[in-house]
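The structure is given below, and queries will be raised subsequently.
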Amino acid sequence: MNDSTYDGNRNSHWNLDAVIQQLRVSREATHNIRHQGKIRELPSRAMLASIVEGLQAALFPTHYGRPNLTDESIDYFVGDTLNMALNRLSEQVRRGLLFSAEVDLKQTCNASEEAALSCKAQEITRDFAASLPEIRGLLVSDVQAALAGDPAATSVAEIMLCYPGTLAILYYRLAHSLHRLGARFIARLISDIAHSLTGIDIHPAAQIGGSFFIDHGTGVVVGETAILGQRVRLYQHVTLGAKRFPADEKGVLIKGVPRHPIVEDDVVIYAGATVLGRITIGAGSTIGGNVWLTQSVPPGSNVAQAQMRND
Amino acid sequence: MNDSTYDGNRNSHWNLDAVIQQLRVSREATHNIRHQGKIRELPSRAMLASIVEGLQAALFPTHYGRPNLTDESIDYFVGDTLNMALNRLSEQVRRGLLFSAEVDLKQTCNASEEAALSCKAQEITRDFAASLPEIRGLLVSDVQAALAGDPAATSVAEIMLCYPGTLAILYYRLAHSLHRLGARFIARLISDIAHSLTGIDIHPAAQIGGSFFIDHGTGVVVGETAILGQRVRLYQHVTLGAKRFPADEKGVLIKGVPRHPIVEDDVVIYAGATVLGRITIGAGSTIGGNVWLTQSVPPGSNVAQAQMRND
Amino acid sequence: MNDSTYDGNRNSHWNLDAVIQQLRVSREATHNIRHQGKIRELPSRAMLASIVEGLQAALFPTHYGRPNLTDESIDYFVGDTLNMALNRLSEQVRRGLLFSAEVDLKQTCNASEEAALSCKAQEITRDFAASLPEIRGLLVSDVQAALAGDPAATSVAEIMLCYPGTLAILYYRLAHSLHRLGARFIARLISDIAHSLTGIDIHPAAQIGGSFFIDHGTGVVVGETAILGQRVRLYQHVTLGAKRFPADEKGVLIKGVPRHPIVEDDVVIYAGATVLGRITIGAGSTIGGNVWLTQSVPPGSNVAQAQMRND
Amino acid sequence: MNDSTYDGNRNSHWNLDAVIQQLRVSREATHNIRHQGKIRELPSRAMLASIVEGLQAALFPTHYGRPNLTDESIDYFVGDTLNMALNRLSEQVRRGLLFSAEVDLKQTCNASEEAALSCKAQEITRDFAASLPEIRGLLVSDVQAALAGDPAATSVAEIMLCYPGTLAILYYRLAHSLHRLGARFIARLISDIAHSLTGIDIHPAAQIGGSFFIDHGTGVVVGETAILGQRVRLYQHVTLGAKRFPADEKGVLIKGVPRHPIVEDDVVIYAGATVLGRITIGAGSTIGGNVWLTQSVPPGSNVAQAQMRND
Amino acid sequence: MNDSTYDGNRNSHWNLDAVIQQLRVSREATHNIRHQGKIRELPSRAMLASIVEGLQAALFPTHYGRPNLTDESIDYFVGDTLNMALNRLSEQVRRGLLFSAEVDLKQTCNASEEAALSCKAQEITRDFAASLPEIRGLLVSDVQAALAGDPAATSVAEIMLCYPGTLAILYYRLAHSLHRLGARFIARLISDIAHSLTGIDIHPAAQIGGSFFIDHGTGVVVGETAILGQRVRLYQHVTLGAKRFPADEKGVLIKGVPRHPIVEDDVVIYAGATVLGRITIGAGSTIGGNVWLTQSVPPGSNVAQAQMRND
Amino acid sequence: MNDSTYDGNRNSHWNLDAVIQQLRVSREATHNIRHQGKIRELPSRAMLASIVEGLQAALFPTHYGRPNLTDESIDYFVGDTLNMALNRLSEQVRRGLLFSAEVDLKQTCNASEEAALSCKAQEITRDFAASLPEIRGLLVSDVQAALAGDPAATSVAEIMLCYPGTLAILYYRLAHSLHRLGARFIARLISDIAHSLTGIDIHPAAQIGGSFFIDHGTGVVVGETAILGQRVRLYQHVTLGAKRFPADEKGVLIKGVPRHPIVEDDVVIYAGATVLGRITIGAGSTIGGNVWLTQSVPPGSNVAQAQMRND
């Protein structure tokens, strides 16, 4: 062996100076996508994940909290866990607001821009905290819908710990509350964390009633302007999406237009169905697996795929 | 800037007392889902994940264990890793048994309830340990099926490290053994961990023969009472699900009824196919992509979707 | 309580010796899948995950790097992060090369086998580093395609942080560069990490043009020999797969044959479509949701599923 | 290079089987020090360290707790931190009791041995919890003594965060309370953790009055039967030790005999002084640096070392 | 076993409410030591420890930095490590300034109190950064003094990695620079971290010349107003302390008065010597082990302990 | 508030370029202490700490290993823990050898320099492994000496877990074996880790017989060429040091000359005694606290400090 040839990593070189110089040019000139003006600190995905875990534990301390919680200790646990989560959330909301054009800070807080931002973030966080008991009620209805709707489910504990749908709905309900209060960037990040954990992608702006159940769930997509009633049940790979995206005269997409389905109460949509556009699925309907649906159907409909073909 | 207005998080308040009081009411009164009677310590998902990693390493020390294992050291590694995993598993099985109604503890262990539970958990763990060599054999057949069935696969190592299907089947075979021995809650948790890691959702109660291969795998669902023969091959988004759920006269779902497909030997089911109900897919059949199938087909069938339509 | 019966884990026994002996027999005799000859240290998935995170941060320090980077510090951060990632990558590439038959080490490095391997790994790593600025340019085009193509997207920051498609494409472009340079095993591992994080499975050998956008993404599969042009847009559950696998006279699959679709510029493929075989989707075509397509279509085609059936 | 000679660690062998066999012989035969009979789980040093950190934080949340504690949140923090620390402590106390001969379990708890042990551990923990407010008062007197006694001290915060003496006394006062309640093994472990952190070695059985101040502290030793009054001040390397150890007729040391000094109120002992035996240092005395003292001195004494010698 | 008696920790109770209530009373009334007025966030010891590790690595990247630093990468490493350490230091300095009465913020920064504090902290941090090259020079002289002065030392690497004195002096020189610039609280915390790691306690206000060597070091104390010349050598347990503390008419200690020794160039002080008061040890003197010295000695003195006594 | 003045850390700058440039000059020119020639990777202190923990656990699995080790599992634990520790140790020994001039690699391994180094490191590691059973025997004699010699000691478990002397001697005996086998740099690092943990500084080259006991221990120093017999007992702050360091004609210290005390069997040395030079303390002698001893004393001597003086 020729020692001067072989030196492991010890003498390796990567032409660092040249690569770094080219990356700088790419960043600052040829492919600059940095947000303009003042540097804005981005929200932290890892911190948000830990915040949501804290909220989960505060909402359901027996299932998601610490073992050995007793009657004398449980409120201390809930209080401390919640306080820590809210403190952290407030900071993330603040960062997220820097990316929202719509928030009119001046209205709510009479102060300088930076102070107003913190003040607004705290106001949102306080209102969010106040919404938690109601969210807990909705989540309990969701869990009970799962227990009633899946013959394989054996206990509340199994639904709390082993159903990705439970997790996805929990994250959605928290994100939706934040979205409604104006913390939209944060809400989106939370929904994407849930997506990564469960394969279920629910936009935080969607509106979903109680007793919601998603079984298996991988690949479910619920779009931004979708509206779901009470007791809706979805299976894996169901898409509630948009059919086309209206653009303005310059070809720029118009944002926020209602373009996703309305699903009324007591609808069941089986695996792989794709429902697109601002159509309405009437109450009590059943949409079969793999169906492609782009027109409204009346209440009580039963839609199935065309026949298969045997070769 | 008005300093008395802006104080960062330092003076933030969240009306903690009120929120905590409302959460307590929700927990204890309006939305109480806590399991009745004695508090039962829940199994730990994180601990189970590390247990399965230990079992993986003990089964395939070269691929999932520590590097630098030598002939003189490998059995020490396998032994210590396995022992630690089994000790931990025994405790998780014990916790899980608290949530199973069916286990008749008195039969197996002549002792008080608590002692009987530990004794039963140890018995299950011991039987599970005894099943590991056989499980290893099945897993090797699965890996070889992947190598034979995917032209993109280049080596055993690639299949062991880069195929989510390999992971999903490994978790399934461990979970199935635990399920069969009575540790059902634990088995479900393990299958949900695999689901989260791979997007593949196989119920631990399903029965699956050797040389099983899942390619890509995202969105695959195999239901509780499904039965799969030897050399079955599934692609992404394939559902082997239930068509309808029989309920008793009170409308409560009847649990455990056979309601998922039987897939005989040497069947291939392509991406997106949805197979529902207690039907039988005869040996050697091919089910095409996106097919929606709710009736049995004889051996050697070739089922494809209806023609597309060009607008 | 009978103390000699109940002893917690303290006296538990698992028949370790017997199980370990049987596992050894399975490993060495009945189910030996260990690579022959010299033991080869496998690449580490965890290390690769951290390497890709380092590369991400070096490419987009503002979005994926550390907060508080200033003009005077950003190049130090990029340089140190990149250097650490490349040092680690070089070692992983070296390990991966042990599993590639095709690399002719002797050609590039005049030295012993072991030295040649390290030398080759460093050469690949150096060439990979040189490709990073170009990769960054492609990724910026992808982000801009997302901003232009999704009405729900509100900012570059949202696309960078909340879109699984962004992550999947970033991992793909890095993996593709490594694949092209000969680090195929490593490239596959990176693509499988992305698959696990996002549910999107793009083979590193696929060729994909700029301004690529995947929305939602769960269940997307892009096969090994697929070729995608500029400005292609895919939705969730889209498969660009192989229809059949040619085998040689002994029934062994022939590897590397072109068998996946060619998708020309400006094609949109909606959720759940399955496109199989070496067909060509002409430029500007639109493929509808849940479509099953196995034949080429001319430019400008508009393919949709057969009508649904109302029961 | 001869490749068959050099193989890195990959082929290294350590004669593992022989060494392990010899270690087993040493453990079980030639040098067996394992406690007889039933295996007893040892207390965990790492767990105790984290328990004491929890107690510190509960006692002084502003200085040792979390930042951003507000009036509405501080009691939740204290309650949850304390509860977690006490739960863990109870388990460690239980383990430690297995090593104490003196505890008569039957007296306090009417139950089986194992149950009695847990019951006793909980009783000790509950009594310990009740002693915390009084301990806090003593510790505040200690901090104020430091502020009054050291001209280099600038604030309470400096004394809380930068004085090893503060830490050593805090650990001592907690350990002393546990010792007094019968948790002697645990108490010793806590004192050794403090010793390791600060270089100050105070036996938990020593009795020490309020307003105690140790400056610098490295090498201070306070023996098992020492008794210190109010407002005692010690400098680094001061030993309050035993002179000789009375043995019984068989030469075995008699344990627990008073053999360390009594230091009355308002005594100052300077750096390096060694005070040995059951002597009394009268109130208000000053013992000079490096003094070797083995006889009692009356109140108000001023003891200094013999003159130095200039060569 | 009586199950209602034994319940492990599951039903344990600690009278939490009562203890927490008493602790609150102690905190807020009977033993309130909380700093008055606005809550001030304390500096973090753990963060400071990591900051000093960063500075160490930036000063001596080969010895304390990352392995595999090459000529092309070392400055990126130094720059990024330094930048991160300085960013963090600036925040800690800011917190520490809240506890310093002396800093007149208004003078340096024309802004509100909070802004002035940050501005001052940044100014200190910037000046500190500028002092690092000079500190490095002093530290190199210290290392060379160790190599020249200890016959057991075999290499620079051994002195850098295995001598607690090296660490203690490094921490001291960094702390001294911060102290001199006004960051006194932070400086004290750094010196206490070094004390805990090495048993060597050097007050950051002490003034110490180059080529300083401490051998073994446990128990060394160098007081606040001590002044040491060039090439001083100290052994373990040496105290350079104060003899008495002048108090004002109210008995309150007067802070900051020179009260520790002046040690001139080329003095050696052997193990256990105690040197007290504002005395001067003349250049080139040798002070023997265990000596108690409270009076000045001229240059070239050789002071030893009185004779021992054989019983 | 003037926003352009106050920007938190966001706009802070540290003149990084200038400082980094000056540090480079200091490193490469004015204060270059980098080892010449080829860059040598330094041993890792953190890795060595974990190696010693592994060895501890392998030597005394009941006290320092994992809980719940059973008869069937203990050897697997010992084997795997030992193997991992030895693999890591071998690499650290290899790095350390790069800093030892004396090792003649060519003699032991007929190969290139790099291969010879690895081969030598493995040989040392293998011999070290073979010495472990004997080391265990010595350590058991040490523990028994502590139990017999300290009236405060209550059990073997207390001595194993709560006595810093036990830890220091354990580290010393391991380091001494490595030193004797030629791994001197590594041995020194291990002794410094023990010094930092316990305040006890024993040079690995010192020779110490069985049944060695150190009580309290803070500040104990045992020099490089010291020789201690059987059953020696040391208390805190005892120094067994060198009196003077012979230098050659150029003033360079001569390394390795015997210059530390010989302490014969059954000697007790009390707290603070300083024993210097190549003198002999005869068997069975007692050296009193704070004594300064520089001349040999015959067997059975009883040496005490001069009388104190009462002012």
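Going in written order, the chains are labelled A, B, C, D, E and F, and every chain counts its residues from 1.
As a convention for this text, a contact is a pair of C-beta atoms (placed from the backbone, for glycine too) under 8 Å apart; a residue touches a chain by one contact, two chains touch by 3 or more.
These numbers come from a predicted model, not from an experiment.
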> Going only through chains that touch each other, what is the minimum step count from subunit D to subunit F?
Replying inline: 1
> Quick one: which chain's Cα centre is the longest way from subunit E's?
Replying inline: B
>> Half is the threshold here, strictly exceeded: which of D-F, A-B or B-D has more than half of its contact pairs identical to A-E by residue number?
In response: B-D
> Since subunit B and subunit D are copies that touch, is their contact same (over half of the numbers shared) or different (under half)?
Replying inline: same
> Taking each chain's centre as the mean of its CA atoms, which one is farthest from the centre of subunit A?
Replying inline: F
> For the sequence-identical pair subunit A and subunit B, what is the superposition rotation angle on Cα atoms, to the nearest 5 degrees?
Replying inline: 120
> Taking each chain's centre as the mean of its CA atoms, how far is subunit C from subunit F in angstrom?
Replying inline: 49
> CA centre of subunit A versus CA centre of subunit D: separation in Å?
Replying inline: 50
>> Using mean CA coordinates as chain centres, what's the gap between subunit B and subunit C in Å?
In response: 24
> So which bits of subunit E are touching at least two other chains?
Replying inline: 1, 9-10, 12-16, 20, 39, 41, 68, 70, 72-73, 75-76, 78-79, 83, 87, 112, 114, 199, 218-219, 237, 272, 290, 304-307
> Which positions of subunit F touch subunit B when the two form their complex?
Replying inline: 1, 66, 68, 70, 72-73, 75-81, 83-84, 87
> Touching subunit A in the complex: which residues of subunit B?
Replying inline: 1-2, 5-6, 8-9, 12-16, 18-20, 22-27, 30-31, 33-35, 39, 41-43, 45, 99-100, 184-185, 188-189, 191-192, 195-196, 199, 201, 203, 218-219, 221, 223-224, 237, 239, 241-242, 245, 252-257, 259, 272, 274, 276, 290-293, 297, 301-307
>> Looking at the complex, which residues from subunit D come into contact with subunit B?
In response: 9-17, 20, 68, 70, 72-73, 76
> Across the complex, what residues on subunit A touch subunit B?
Replying inline: 58-59, 61-63, 67-68, 75, 78-79, 82-83, 86-87, 90-91, 109-112, 114-115, 118-119, 122, 125-126, 129-130, 132-133, 136-137, 140, 143-144, 148-152, 154-158, 161-164, 197-199, 216, 218-219, 235-237, 270-272, 288-290, 304-311
